[in-house]
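A short write-up of the structure that comes next.
In this document, chain identifiers A, B, C and D correspond to the written order of the chains, with residue numbering beginning at 1 in each.
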Amino acid sequence: MDKLRKSVYEANMVLVRERLVTLTWGNVSGIDRTTGTVVIKPSGVPYEELAPEHMVAVELDGRRIDGGLKPSSDTPTHVALYKAFPEIGGICHTHSPYATAFAQACREIPCFGTTHADHFRGAVPLARGLTPDEVQEAYEANTGKVIIERFGKLNPSEVPGVLCAHHGPFTWGRTPAQAVENSIALEVIAQMALQTVNLEPHSVPVPQHIQDAHFLRKHGPEATYGQGLE
Amino acid sequence: MDKLRKSVYEANMVLVRERLVTLTWGNVSGIDRTTGTVVIKPSGVPYEELAPEHMVAVELDGRRIDGGLKPSSDTPTHVALYKAFPEIGGICHTHSPYATAFAQACREIPCFGTTHADHFRGAVPLARGLTPDEVQEAYEANTGKVIIERFGKLNPSEVPGVLCAHHGPFTWGRTPAQAVENSIALEVIAQMALQTVNLEPHSVPVPQHIQDAHFLRKHGPEATYGQGLE
Amino acid sequence: MDKLRKSVYEANMVLVRERLVTLTWGNVSGIDRTTGTVVIKPSGVPYEELAPEHMVAVELDGRRIDGGLKPSSDTPTHVALYKAFPEIGGICHTHSPYATAFAQACREIPCFGTTHADHFRGAVPLARGLTPDEVQEAYEANTGKVIIERFGKLNPSEVPGVLCAHHGPFTWGRTPAQAVENSIALEVIAQMALQTVNLEPHSVPVPQHIQDAHFLRKHGPEATYGQGLE
Amino acid sequence: MDKLRKSVYEANMVLVRERLVTLTWGNVSGIDRTTGTVVIKPSGVPYEELAPEHMVAVELDGRRIDGGLKPSSDTPTHVALYKAFPEIGGICHTHSPYATAFAQACREIPCFGTTHADHFRGAVPLARGLTPDEVQEAYEANTGKVIIERFGKLNPSEVPGVLCAHHGPFTWGRTPAQAVENSIALEVIAQMALQTVNLEPHSVPVPQHIQDAHFLRKHGPEATYGQGLE
């Protein structure tokens, strides 16, 4: 578990280095699938004071394992996603400004180019806002619920993130580091998309055959990108 | 008072580190409520030359206590706010570009998302411009007056900042450091809000039940965020 | 002259530190009014290789004084301004993106707020583009000519800069350092102005009595800002 | 070839330093015209792990010369351009946000000002998207094909870059370093152009006589910019 704590800590610090978080608005978690233990940033601790041993371990039912700090207030959202998406190993939540602007405008991000297609297959989806009852009952857990509801038949390995209406983005990946990478990519994708519609309000998504070519160049059994198996 | 000087100095330097000030456009103050002494940045001194001992102490009636540097030209605004809002302990003024753009456009910032709701309950209000007589009589003191007039029944602990029309933002908090934190939050909130209306000019505020849930998660007796009392 | 070379060199390096120049797009000069010697950045030398002794000295008629590097290609513009505006001691030229966008859109920058009023009295004016004959005859010298033509009765001490249509800004001041300060201020003013019209296309300038109050707080015999004479 | 490897490595690292690449989205190559060897960044290797010896050498027919890392997946595009444009010695590809926004909006960048005219003669052209057949057959090689098709009678020395529809920019130059310089210039030119149309949607290109004066001041036998032959 020390290894998971270290990787979760390091992924949180990459968020800071890449300027994706302001104050304490962001958190990264990771899961050990063999034990079902989730490790996550503590709530409201300034990043400059964080150390690997501050990372909080919780069970998949949300209970804390040890007597340390309180976990991030968003923990129930993370846990819900780990339960629904067994293929993911890390989750990242930020309030990065461009992705959050799409979330606040209640607009998904169309796939306007190959930068997007390299990371997300199709639009970045938008999960609906919560009803008063859902907020009242369990705000954070139900945030997970509406994400899962929105995904339906979408494949979380092909669409590694979502915008929550009025709120901001969650991304994920096989590891905490990859979840953060997808947050970095999403923020630039959102910036480019905003500038694209600024230039041409009626911009259309990139043709499907180009989306597919780019996505499959980086993902799946036919991937040719990177230094993988040859 | 050395402790207050140090905390005011450090809060001023955070402004620089977070890139919220250009040249000398910004100032932070703090108050010792037991003695009524206000400590504030000196006027027009470059940040790279500032030291804690340069911070200027003034009475709540605006008179300087010791024979040091001249206090910030905005001192009468700070003093007016300390007198009207007894619950605050620090004030921060910047010309940060996004918040200032809303002030220049004479528009309040609607609560478009949970980032906003986490820090400000409801819209960031706009105080009106001063009349020729008010400018002539006492520009800085009357800037305080129109802020107080605008607040009316608003609670300065729940709405820790304001935009002055044609001018820029003032924020406050329990301490100088918290006042600066609210300036940092306000600038990102303003950036997100501008991008939100760029994407969707008819964007509406986040539903009230979500605003309340987020604000109360971080503030008040039921707050669950951070490492506070459990 | 070593002192002037040093101050011109340092002012050029502030441009880089403040991220107002890309590649080699910018130059600062200064003048010794007792001898009429102008010192300016050499043409096309990368900033990281610059040293004080590279600064080039020219006469007010444009002739080089010593056998060093070639002066900036914009030297004839600087010289024309020094001759027309005897009150200035330093000039700065950049292609900073927001100010250049106004120049490219052939729009002056209205005084939308007190940040602007603190530095420029009234709008930042726009000088017209050159005719084919003017380009053919002496592009750089005639750039100075159209700036001077545009100024007419404007006071260069109160309006310390201009936008050249299709090109970018020139600013000036009593010293090279102050010319650069005005370029820094102008870029932020331009950013705020663009964001202001984005938010509200029909934004109007700040009322004249507020413009005057702010300008005179920082400039002229009644100035109260800074640590000046008391 | 060690010298070429070093210059290609250094040009890749300038991209990072100038913040033109996010994650691994970018690559620079160079060619030794005497041997026809192209040296290029390896595919998908994080920039912080790159060293000069990782740069991959390939023949102009795309075959790898030695047994090292896999070359950038964009190698066939680079090779096609080196074959078609014998005057170029370096190529740079990025997904820099402003230039990419124009590519995604399928709009060329008009020459709105002298910053643009100093680097590109006329608009930055847009190459069309690939057909399904072209994608299927050879995506990267055909990306080179449509660039060459778009250039027709354009002179690649006068127009040192292109936008690929839905994708992003490629730039080139006499050397890898100059190719990167043109990417830096292109990104700022794109930012200014977006801001220019934001301010004035009907902005027109700068008059031809000014475009010519600026381009020829920096390029060709009559160039007066820089410290070249006098």
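By our rule, a contact is a pair of C-beta atoms (placed from the backbone, for glycine too) under 8 Å apart; a residue touches a chain by one contact, two chains touch by 3 or more.
Keep in mind it's a predicted model, so treat the numbers as computed, not measured.
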Task: List the interface residue numbers of subunit C and of subunit D, divide the shared ones by all numbers used, and answer same when the ratio is over half, different when under half.
output: different
Field: Cα-centroid distance, subunit A relative to subunit B, in whole angstrom
entry: 32
Message: Measuring centre to centre with CA averages, how many angstrom lie between subunit B and subunit D?
response: 46
- line: Residue ranges of subunit D touching at least 2 other chains are 198
- request: Check the chains against each other and report every pair that touches.
  value: A-B, A-D, B-C, C-D
Statement: The answer for subunit D against subunit C in the complex is residues 112-115, 118, 181, 184-185, 188, 191-193, 195-196, 198-200, 203, 206-207, 209-210, 213, 217, 224-227, 230
- prompt: Which residues, counting only subunit A, touch subunit B once they are in their complex?
  reply: 22-23, 25, 42-45, 69-70, 73, 95, 97-98, 100-107, 129-130, 132, 135-136, 139, 166-168, 194, 197-198
